[in-house]
Amino acid sequence: MTSSPYKPVLTAQQLADFFVEAFPGQNSGAVQFVRVDPGVVELRQTPDETMLRPGGIVSGPTQMAIADRAAYAVILAHIGIVPMAVTSNLNMSFLRALPAKPFFAGAQLIKLGRRLATVDVRIWSDDPAILAAQSTVTYAIPAET
Amino acid sequence: MTSSPYKPVLTAQQLADFFVEAFPGQNSGAVQFVRVDPGVVELRQTPDETMLRPGGIVSGPTQMAIADRAAYAVILAHIGIVPMAVTSNLNMSFLRALPAKPFFAGAQLIKLGRRLATVDVRIWSDDPAILAAQSTVTYAIPAET
Amino acid sequence: MTSSPYKPVLTAQQLADFFVEAFPGQNSGAVQFVRVDPGVVELRQTPDETMLRPGGIVSGPTQMAIADRAAYAVILAHIGIVPMAVTSNLNMSFLRALPAKPFFAGAQLIKLGRRLATVDVRIWSDDPAILAAQSTVTYAIPAET
Amino acid sequence: MTSSPYKPVLTAQQLADFFVEAFPGQNSGAVQFVRVDPGVVELRQTPDETMLRPGGIVSGPTQMAIADRAAYAVILAHIGIVPMAVTSNLNMSFLRALPAKPFFAGAQLIKLGRRLATVDVRIWSDDPAILAAQSTVTYAIPAET
């Protein structure tokens, strides 16, 4: 692995505070920022019952929501608070059932451009080599004013 | 447009009942089945405050959740209640901001195979020619036992 | 179906001429522009032996190449010759084997923005209701200078 | 990085021989297998003039073709020669222009199931931390007979 060309400008606490404020209706306490490193943010989510689907496993939309959140977080971590960054594309491959217990989402910047940023997000339960899902997420970053 | 080679086997009411039962923790009343036709299901969702993002618009995860739901619904509408059908891939392109008011998701079967089904889902607010998002969703259908 | 909000500014012949000139190394004669309508371009490709894969069917890369070409064509058809428009994302779902004979790619603009354009491309052999593949392609359009 | 749970069963030479035989019409000599390791295959491609697009850069279809090829190769490397494995989905994000000189495609297995295999492919020119493209590719593996 080569070292990341990126440097975070926000801490995990600053990111957590932003999400609580930006998404007031959501139970943001269920998501913890466990790691903010160059080019990388890692989240840990404790699913509640509304996040499950038939089979008693974590639903696909729950996984897509955390992937989108993790991508947003890793971008803001490196450019600062730019709330109007918006998802332009998200692709997710679901690989294995994700059991109903806390799970992780690791987001890695693969390109941070001025207008578009692309992030690789991986979701796992216990072992980051045994993935439940992989997602590639592109955000559009608004032009500075 | 050519006519659909598919025929639904469930009614809108049967689909609605299944979703209420299968996702007990969710406010399924916010989603209505407005159309079930050969190869097609159309949903109407009234967003609540937890579904918004900075800018006061409907969040990406909310749109992905309804796209996944609409794809699941159009597949079950044509093969009957098979709860363990699971998403294997979802790709979504976000095209325009979706204002905070009721919106539509139209799902069209583009291939219903024995093991995989692929669905085109489009999301709009007022005019189906002015799309907020397009999604292609693939479900894996479990082998019969 | 609602009518398209888009109007082409180039003819099939002008598009064909552009592609011959822009891709001098390729056998552009194997691709014909069979339709240019509001929001839509349709191509017909005759595959040669280098485009086949084990099983004697048209290869995936051949289908992705024509999808990318069709998307580029429908965008240029509506904004004029802007060679430096570049693909920013392509997603393709392969649905059925595509036999080794002439096939069609139909591209429909689903959003033509100033900076990004998104196109739905479908590939079929004989019947446009029996698809071999579906692709969603996003192009980045360079800022005017 | 955690170690790969996968073990190759073919060598680079065996893979190269298979591709020459399976794709007789193509100039397979332009693609070299530079690495076959647990869970990973790396290819090096020397583009010719037919692989360029306006701007004198490597075309998108050329990058998609090598990504598809690299995904096929890393799967066969781990399950043996199963020619009828076929692509079921390919998603590619184009991140930067790829100059007209030899470039690399690194494919990593992210899930090798019995029926579906998913591969992360990255393309770069000089530095694997400066990506030109990222692709997630899913192959369907035929049932054993």
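Going by the order they are written in, the chains are A, B, C and D; count residues from 1 in each one.
Here, contacts are C-beta pairs under 8 Å (C-beta built on N, C-alpha and C of every residue); 3 or more make two chains touch, one makes a residue touch a chain.
Everything quoted here is computed from the prediction, not taken from an experiment.
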| item | value |
| --- | --- |
| Shortest walk length in steps over touching chains, subunit A through to subunit D | 1 |
| Between B-C and C-D, the pair with more C-beta contacts | C-D |
| Chain whose Cα centroid lies at the greatest distance from that of subunit B | D |
| Centroid distance [mean C-alpha coordinates] between subunit C and subunit A, Å | 33 |
| Centre-to-centre distance between subunit D and subunit C (centres being mean Cα positions), rounded to whole Å | 23 |
| Separation of mean Cα positions, subunit C and subunit B [Å, integer] | 27 |
| Where subunit A touches two or more other chains at once, by residue number | 88-89, 91, 93, 138 |
| Residues of subunit D that touch subunit A when the two form their complex | 1-5, 89, 91, 93, 95-96, 110-111, 113, 118, 120, 122, 127-131, 134, 136, 138 |
| Interface residues, subunit C side, partner subunit D - complex | 22-26, 48-55, 60-61, 64-65, 68-69, 83-84, 86-94, 97 |
| Of subunit C, residues touching subunit A in the complex | 88-89, 91, 115-116, 138, 140 |
